[in-house]
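What follows is a pair of complexes built around subunit A, which joins subunit B in one and subunit C in the other.
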Partner chain A sequence: MIAAPRKLPAPWVLRTFVVLILLLVWEIAGRHGSQLLFSPLSKVLTSGLQIFAEAEVLEALKTTAWILVVGFVLSVAIGLVLGLTVSMSRFTYQTFLPVLLLLYAIPQITVLPLFVLYFGSGPASKVAFGVSHGMFPIAVSVIAGVQGIKPLLVTSAISMGASRWQIFRRITLPYLTPSLFTGMRLASTATLLGVLLAELYVSAGGIGHLTRRFGENFQPDKLYALIAALSLMAILINETMRMLERRYSRWL
Partner chain B sequence: MEGEALIKVDDVRHAFLSKTGEEEVLALDGINIDIARGEMVSLIGPSGCGKSTLLNVVGGMIAASQGHVLIGGTPVKGPRPKDVAYIFQESALLPWATILDNIKVSLEFQGVPRASRDKIARISLTAVGLDAFGDSYPHQLSGGMKQRAALARALSLRTDILLMDEPFAALDEQTRMIFSEDLSRLLANEHKTIVLVTHSLAEAVFLSDRIFVFTSRPGRIKAVLNVDEPHPRIPTFMTSSKFNDLRNRLYELLRDEVLAAIGKDRQGLA
Partner chain C sequence: MSGASSAGQALTLRLSKSQKRLSLLVKIGVLVALLAIWHLVTVDEFVSPFFLPKPDEVLRVFFNIIVTGQAWPDLKVTLFEFALAGPIAVIAGGAVGFLISLTRYGTRAFEPIVSSVYAIPIIIFYPVSVMALGIGPESKIAHGALFGFFPMCLSTIQGFSRVDPLYIRLAHSTGASKSQLFWRIMLPAAAPTILTGVRLGLMLSFLAIIGGETIASLEGIGHRIVWYAEGMQTGNMFAYIVFVIMVAVLMNTALSFLEIRRGRQ
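Let's look at the complex of A and B:
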């Protein structure tokens, strides 16, 4: 006998339920655990959120935000140029792709001291470290995008008299736009990671630095509020990128 | 042949080279074809005999290892977008652009001034009966409509010559027949010179003035069949005894070559 298919609730119902349970567990654990290490949700929401009225915290948010923006824009620019250069021909592809992947595979945190050495401990090294995280996903996505172009489209364009520039402008560029947005989505969170890591270990400013201080001073409610703010930032960036990605890949 | 041929293929031989520069695959050998203005010619032969290669040599996309092609008396040394338009086997339409934009981009490639692109594109869409689909994307069209769009694009380029490489290959039998009839009617008004590569005996007979039968690789011309029937061809031609006789003769000529081609493949496997 085959059981009649049972009607399942919509996925979002269960999803919301799971999140609520987790928040509840957090609250209960927070009330019973050490107040030095852990803070219940209610306390994070009341006292923790007050940190966003503190000038120091706002300053840190601003610092991190603009470093993130600069790092992201540079990541896109450098990643795009890198990806297009590698994709220029079979020769450049075979020569440079392995090198690129090799660099990408290095756990970047291990070379953070080098960044400090070259860029100092100010914003420059934070931007640079963010870029070192963000440019690779862009480059790799762009390369994958260009590889996917149907050769027939190019052949056909050549038969109609298209110049190299026209082929780039009318075929390569529109074709790789969806991949570029995928890369940008990955790069946005990667850049954020790079910037925060640099702030955490190197600089004296920004959110990353504050998280360390709140941790070291046993202020879990503040720390949690900051983490929540960071998560919100990451989610917002990610969702924005995903919307753009969908909008530009409708033809796929 | 009276007068000067629009396309003159003069003793063309082509071998594809291996990476080390040695001749690897001899695709074409000793090809001589004169095609008059307004003539419709088919190339038919076993798979892999070099038909596409010949079409690409004529279109200037491949430089032949030997011999040359003249179009309107001047040697072909590269793509000739003002003289030659292609229709490929599968859709070569840009998937992210509407049908209308596809045609306009092609006109841009060809060097047509921006101001006149829209008008030319719309005229050619109307000619193939797709005027209502200018704003559709390729993936929204059926296979037959996509090829119709490709035809519209080729017509919009206003070239004297149309090269078609198995343009019906991806279509089902019924769509193919209807498309062939449309093509015959359309092209009778356009006075284009056409070279069509096809696998279908019926299509070759239905559409062509002359059919060139190729041997298995290396492709040589084995026979030329004349189809003496005015354009546009109408569906009743397809059921006439003349049509059947030609089709049967074509089959006789091809059969041995296809067997030979298969035999070569078998040897290759053994």
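Let's look at the complex of A and C:
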């Protein structure tokens, strides 16, 4: 709105400064608050971070990471197939898009107990619930990407005698890439949310369950260490996906 | 995302009349087929009613819920939590977003923080809420407010910071005061994006409350679904799921309506 006056530090300097202030507030508040509920940053860093040496925590991290990867890959595969099927023709688009959006409008959290009923309390229900969160953003992005392709490109390809496969390979696929990556970024956060929700709900294994237990046992240092690690992981995944998204949409 | 523009394009790609009729038939056909399959596999208990109750039973229980008002005590708790969490999320998110977007410098410094934090699944903070505030409504209110805060904050920043600079220059050159600039230029130009944030923030806050009730609670409609699931009363569970979905869809429709109407002005 208002042009920045000169002599201000670069935005990232202020940003870092504010983050440091927030960490300082955490430290001070943690020292003065109830030790049952709060834990200062220094204690989280020293005693809390030790949980990552515990076999149980490592096991939980491995379980969740594995579930997340399987869920994400399945989300991409199913979302891509759904998206391409819906955008196959004008007819399929107008017929199946409303059905897809209707399903997308259902808040998945309400059917979480159903997933457990059908897939059990093991990894299967968590993968499935993650996929139920991840596949829709991919499908919708793919559909939007295909719809965004200029009809002129397709028409000229047809007039030059391109086959259906050639149109798909040379036009649809390359033009789809940027929106596919946008979809994949949204899906990675959504899948993580779905998997953690299922893990928090079903009391068996995984990071979600572990955070719940640390909370119920009033072990704030461990709880905050785990949450901090998870948050960093989520931010890292998102930034990586954002980078890929930029990298693959540069050619347009 | 280019959802709106692609929808606009789809409108120009009209189907012929016979294709339209076929499309509608297929749409209805899909729904009827799903219901028929549901009926067929449950009618002779080919699939145990414990896994999949009969559709007519679900419908009967659902109408029973509506007519007797037996869901009201739980719905009241959830709506009470939402009535506090939703406005907190919208007001706090809007205020912080507004302060950040006051200067371009602030936007450049702080928008990355907000958008990074937005990528964190806020659900992992729920155990903290429960630990600090207990299993009652307080933890759901805190969780719902936190969940809705970030989309609202981010939309407010984006709304205000992406106002066409030409409008602002125009206002300055016509000698508009600061309050005129805000009320006549900034707010109307930012309103569509902010209203999207209001809808997203309120919806996410509501779903976060349901999620909190599902994970750890003693009351509320999210808890009721789990209660029936754990009691193996699948028919009741299905009916409550349908009920909660309808409440959520109704809420979303009402908010979308508001968003579109206000955004157009």
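Keep this in mind: the second predicted complex is superposed on the first by the 243 of 252 C-alpha atoms of A that agree within 3 Å, B and C clash if a C-alpha of one lies under 4 Å from a C-alpha of the other, contacts with A are read in each partner's own complex, and residues count from 1 in each chain.
Here is the rule we go by: a contact is a pair of C-beta atoms (placed from the backbone, for glycine too) under 8 Å apart; a residue touches a chain by one contact, two chains touch by 3 or more.
Every value quoted in this text rests on a predicted model; they were computed, and no experiment measured them.
In the superposition on chain A, A:Ile235 contacts subunit C only, with no contact to subunit B. Contacts of A:Ala105 after superposition on the shared chain: subunit C is touched, whereas subunit B is not.
In the overlay built on the shared chain, the residue A:Val25 is in contact with neither subunit B nor subunit C. Looking at the shared chain after the overlay, A:Leu14 reaches subunit C, while subunit B stays out of its contact range. By the touch criterion stated above, A:Ala77 is placed in contact with neither subunit B nor subunit C. Measured by the number of subunit A residues touched, the leading partner among subunit B and subunit C is C. When the two structures are aligned on the shared chain, A:Gly161 is found in touch with subunit B, with no touch to subunit C.
In the superposed model, A:Leu117 lies in contact with subunit C only, and not with subunit B. Using the contact criterion defined above for the overlaid structures, shared-chain residue A:Leu58 touches neither subunit B nor subunit C, since it reaches no partner. Once both structures are placed on chain A, no subunit A residue is touched by subunit B and, in the other complex, by subunit C.
Contact residues of subunit A toward subunit C in the complex are 1-4, 8, 11-12, 14-15, 18-19, 37, 90-91, 93-95, 97-99, 105-107, 109-114, 116-118, 140-141, 143-144, 147-148, 179, 182, 189, 192-193, 196-197, 200-201, 207-208, 211-212, 214-216, 218, 220, 223-224, 227, 230-231, 234-235, 237-239.
Listing the residues of subunit B that touch subunit A in their complex gives 59, 61, 79, 81-82, 84-86, 88, 90, 92, 94-97, 105-106, 108-111, 137, 139, 157. Contact residues of subunit C toward subunit A in the complex are 1-3, 5-6, 9-10, 13, 15, 19-20, 22-23, 26-27, 30, 51, 101-105, 108-110, 112-113, 116-117, 119-121, 123-128, 130-132, 160-161, 163, 168, 186, 207, 210-211, 214-216, 222, 225-226, 229, 234, 237, 241, 244-245, 248-249, 252.
Remark: subunit A residues 152-153, 155-162, 166, 170-171, 174-175, 177, 251-252 touch subunit B in the complex.
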